[in-house]
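The same chain A turns up in both complexes below, where it pairs with chain B and then with chain C.
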Partner chain A sequence: MYLLKLIFRNAFRHKLRTALTILGIVIAVLAFGLLQTVVDAWYTGVNASSATRLITRNAISLIFPLPITYEDKIRHVPGVSTVSRSNWFGGIYIDKRNFFAQFATDAQPFFELYPEYHLAPDQMKAFVLDRKGCVVGRKLAQTYGWKLGDTIPLRGTIFPGNWEFVIRGIYEGAEAKTDESQFIFHWDYLNESIKKTSPRRANQVGIYLVGINDADRAAEISREIDAMFRNSLAETLTETEKAFALGFISMVEAIVAAIRIVSFVIIVIIMAVMANTMAMSARERTSEYATLKALGFGPVYVQTLIYGESLLIALSGGLLGIIATVPLVRGFGAVMVKLFPVFQFSPTTLAMQVGAVLVMGIVAAAVPAVRASRVRVAQGLRAIG
Partner chain B sequence: MAIPFSYVVRNLGVRKVTTALTASGLALVVYVFATVLMLDAGLRQTLVDTGSPDNALVIRRGAETEVQSGVERAQADVVESQPEVALGLGGERLMSKETVVLISLNKRATEKPSNVVIRGVGPQGLALRPQVRLVEGRMFRPGTSEIIAGRAIGQRFAGAGIGETLRFGMRDWTVVGHFDAGHSGFNSEIWGDADQLIQAFRRNAYSSVIFRLTDAEGLDAVKARLESDPRLTVELKRESIFYAEQSEQLSTFIRYLGVTLSIIFSSGATIGAMITMYASVANRTAEIGTLRALGFRRASILWAFLLESLLLGLLGGILGVALASLMQWVSFSTMNFQTFSELAFSFTLTGKIVVESLIFSLIMGLAGGFLPAIRAARLKIVDSLRAA
Partner chain C sequence: MLAHEGPIVEIRGLSKAYQRGGQVVPVLTDINLDISAGDFIALMGPSGSGKSTLLNLIAGIDKPSGGSLRVGGLDIVALSETELADWRAGHVGFIFQFYNLLPVLTAFENVELPLLLTHLRARERREHVHAALSMVGLEDRISHYPSELSGGQQQRVAIARAIITDPTILVADEPTGDLDRVSAADVLGLLDQLNSELNKTIIMVTHDARAAEAAHRLVHLDKGVLLDGDGVGG
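So, the complex of A and B:
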């Protein structure tokens, strides 16, 4: 008990210094938490993927489409339950900065494949009945203040022209990790329109979304699908939804890696600040440690004092930082909703924050503790703080 | 009277560990700050070098990138007949009808896929881009399944080395040469014969048309004429501007990220400097009293401590810039969100970045040292002498 009291008194002897150090740790823990959450946000698609969904795309690259005739062939592969199609539309809503994903798809199979997109039955019916209808995610509707019945104009970049869609449904995600910022409309509407303007580009599908019964057979079914179209004009590449999403991340991995590295750099910087604080405090108290030793306390006791003080400061800073992370992440997520549709503070990040704080506390105390335990009594008593 | 400079320097030397820890904290911040600036400078350098202000680029109206665009053969012919298209020495028209697509290639190191631009160029394609030079192997022969790869691609992607083949469009394409395109974005591309590639991909339209202007000022005239031509659905842009726009978002993203990180990090390091300087003042209370008793004024004391923390900042700044300068040998590649394709660029250190980083480190030193220096200057002679 007495030891704890001594540690506590020591830690707050220099109020200003301790306060500044704690502030530094708060900043580090906050920044670390925020950056890790940013990294997590890139992995949204991966986390939301299902093991029973495969994606079939053109083997050359995503910009090459597949013929519509593949749909029936894929459906007949044993083990395949549902097939849906999807075309990336890439339209611009008023201004280039208003970016969100738009897909042309077939309503019924799509919502069967994605049960985590909850759409009220009456809205589903209204969507199916309206050729120019579209369904948008809850967050997307919120961002732009859209409601049911609104007409949304999009300027086509891949499919030229001005397009108009009427919101017939707003879906909600089953879980917090579900992407609620998509814009879905009828593939048929897209196809009919292209037939009129550029017939050569009609009857083509961007990617096929393939639902399978048994997740364990994913690799086998993928191979089977790809084998069907080998040596054709449009060879396919089928992979799990997760692998498909990871493919996107690997393209920007340099940026993700940089953010990750930088998040550790801030920890190292504050570790230097913290180590400095501990080194200064320990140096100033050299004569006190010598006194303790002269009174008969062993080197372990002195070390415990220093480690305890360091951990106390680190943990107080860490606790404040973690408490502050929650509202910061929420605020940041609200501002960046266009860039990161799902922005969540994960338990892993929390655990890493705690781990970083503990490491900081221990590393900062290491050198001063060894020095203090080696102080010789006579020499230490002579030292002037 | 001013306190001697050597006194200030020696104070930093006395407490080596503290000085080193604080300076290295500052150095890391400056390193991150400088590195992000270098990355942005590298990206800009790449953009500036990629497009030429003398060239005009024709794409389909509304298309944001060459990959999205399509220019029908007949439309390309109309563009070719414009009087603004410059002629070469042999009387040939300096224009290239190109087909630009993305193919997914695996990286050698990680086997992860990334999208690489394949550009089919016309006979004058090389003449229009003087920055592109063959460095290894030979040029592809027109009318064959031969391709040449940018150096950045040849090193990093499987199948893009000389003698290796890539398979797409039901054909095997042999890489016969590597080219170096300076700092430009062409380094991240693969080139082949436009007419061969258009066949392989079963297309009937080019992606874009590039031509040299007879007069760089003449763009507006030909732009107005072509964009109002009812036979055409095209848009004209100066090549240099087109490429600058292509990476606008990436550049903005890097800059925002850099500014945010620098603000967060610098506040951390400034706190570190402040702790050090406060301790420095506390340890020397008696000394300060003595200096004052000797006749040094408050202003001199203030200046001496400010100078000390500025020196500390400068030390960190120099260390940080030195660390950052090592990054010049590292190349950075990522997907450009706008074009959906791989773009490689390098960290470029410019004089401006060095100056900015050093100023940044001095500001951190100043911010950290200001309050402690005021405390030092305010000490009363009697009290501080008694502190000993």
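So, the complex of A and C:
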């Protein structure tokens, strides 16, 4: 109790110095939390991936399609439970800045493969019955103020023309990490329209989404699918959904790595500032530590005082920083919703912030604590604070 | 108090030297000195004479280069750092020139500090602190911080802290060095009272002749040597 009192009073002895140090820690912890959340946001697709889903695409490149005839063949591979198709549409809603993902797919198998997309049965029925119908994520609908029955015009880029879709369903994510910003419509509608405008591009699929029964057989099934189409005009590359998502991240890997490094550099910088604060405080109190030792208090007591003070300052700033991270992430996520559909402050980031704060408190006190505990009493008593 | 017959402090052939740039600088040379229980001794000498070093050695906050030093019959030179710290907590009361009170603690808390190393309960500690502060005439200042007290009052708090554990010896390094005449007289009066009424053994370093008058015995040092010859036998 007495020790805690002494630690607390020492920590707030130089109010301005302590306040500025705490402010620095708040900003550092806040920036660290935000940057880590940005990194997490890049990995949303990876984290949301399922081990029982495979993606089959053209082996040459994602931009080359696969024939629709592959679907049946894939479905008959042992271990495959469901097959769905998907084409990236890439349409523009009013303005280029209004970016969101649009996929042409087949309703029933798609929602079977993605049980984390919760769609009310009556909305599912309405979507299936309407050839021009579409289903949108809750966040996407919120962003543009869409509601059921609204007609959404999209200007095609990959598939030229003006397209109109009627919102028949709004899905909700099962978890916070589920992407609620997708726009899904019927592949048949797209294919029929292409048949009329550019028949050579019809009956082509961007990727096949393959559901399997046993995640442990993913590699084996992938090999089997790809072997089936070897030496064909469109060879396939099948991989897990996670590997597929990581492939996208690898394109911006350097940026993500840079963000991650910067977030840790911030912590190292504030750790140095904190160490400087503790070194100054300990040096000013050399005669006090010597007095305590003269009175019979051991080096461990002196070290505990310094470690305690350092941890108290670090935890004060860290706690405020963590508290401030929550609204900052929410606000940033709202502004950046088009770039980061899922922007969540994760428990992992929270744990990393707490860990960083603890390491900061301990490392900053290490050298001053050792020095103070080693100072000779007679020499320390002569020190001027 | 240690149960010991003979001098409370027994110094034989004590020497202390520092290493400075490869050179050995002697500070104390062949000191022989006995201090009896209940004595009030003033160590005097010019700056650099080694009087503070001798006091530090007696108080167990510095180690000699040679010779023997017994306090209450215990050879404190042979003690380890940890044993010395424990010994100091029970047997030495410190009074410093600049009081060395912890500025973030009140007068009460500063005086209570040495008692945290004892097994006394909070209530017992409180009683002891009140008694000690009452003895130095500062019971009405218990909740004051050092910055709210005058120099003389701070030194009296330091004296209360020094006597709170009922130590074997009180060591005072220039206790009046930072005080005005009136406050210095108060502090010296208090030390005299502790010596005469409580039979406390006091070893005081001073270069102030007026302060030295309060002591019952003067020991002069110059260039690390006792000027009064052999201090053995008191």
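One rule holds for everything that comes next: the second predicted complex is superposed on the first by the 385 of 385 C-alpha atoms of A that agree within 3 Å, B and C clash if a C-alpha of one lies under 4 Å from a C-alpha of the other, contacts with A are read in each partner's own complex, and residues count from 1 in each chain.
The rule is short, and it goes like this: contacts are C-beta pairs under 8 Å (C-beta built on N, C-alpha and C of every residue); 3 or more make two chains touch, one makes a residue touch a chain.
Small disclaimer: the values here were computed from a predicted structure and weren't measured.
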- Scan A:376 for contacts with chain B and chain C and give back first, second, both or neither. second
- In the superposed arrangement, does A:227 touch chain B (first), chain C (second), both or neither? neither
- Message: Per the contact definition in the header, classify A:13: touching chain B only (first), chain C only (second), both, or neither.
- Response: second
- Which one hits more chain A residues, chain B or chain C? B
- Touching A:2, do we find chain B (first), chain C (second), both, or neither? second
- Item | First (chain B), second (chain C), both or neither touched by A:254 | first
- Message: A:293 in the overlay: touching chain B, chain C, both, or neither? Say first, second, both or neither.
- Response: second
- Task: List the residues of chain A that touch chain B in one complex and chain C in the other.
- Result: none
- Note on the structure: In the complex, chain A touches chain B at residues 14, 16-17, 20-21, 23-24, 27-28, 30-31, 59-64, 90, 96, 155-158, 160-161, 200, 231, 233, 237, 247, 250-255, 259, 262, 265-266, 268-270, 272-273, 275-277, 279-280, 284, 367
- In the complex, the residues of chain C that touch chain A are 53, 56, 59, 61-62, 82, 85-86, 88-90, 94, 96, 100, 102-105, 109, 112-114, 116-117, 161
- The residues of chain A that touch chain C in their complex are 2, 5-6, 9-10, 13, 287-288, 291-298, 376-378, 381
- Item | Footprint of chain A on chain B - complex, ascending | 17-18, 21-22, 24-25, 28-29, 32, 60-64, 67-68, 101-104, 110, 112-115, 168-170, 201-202, 204, 233, 257, 261, 264-265, 267-269, 271-272, 274-276, 278-279, 282-283, 332-335, 337, 340, 342
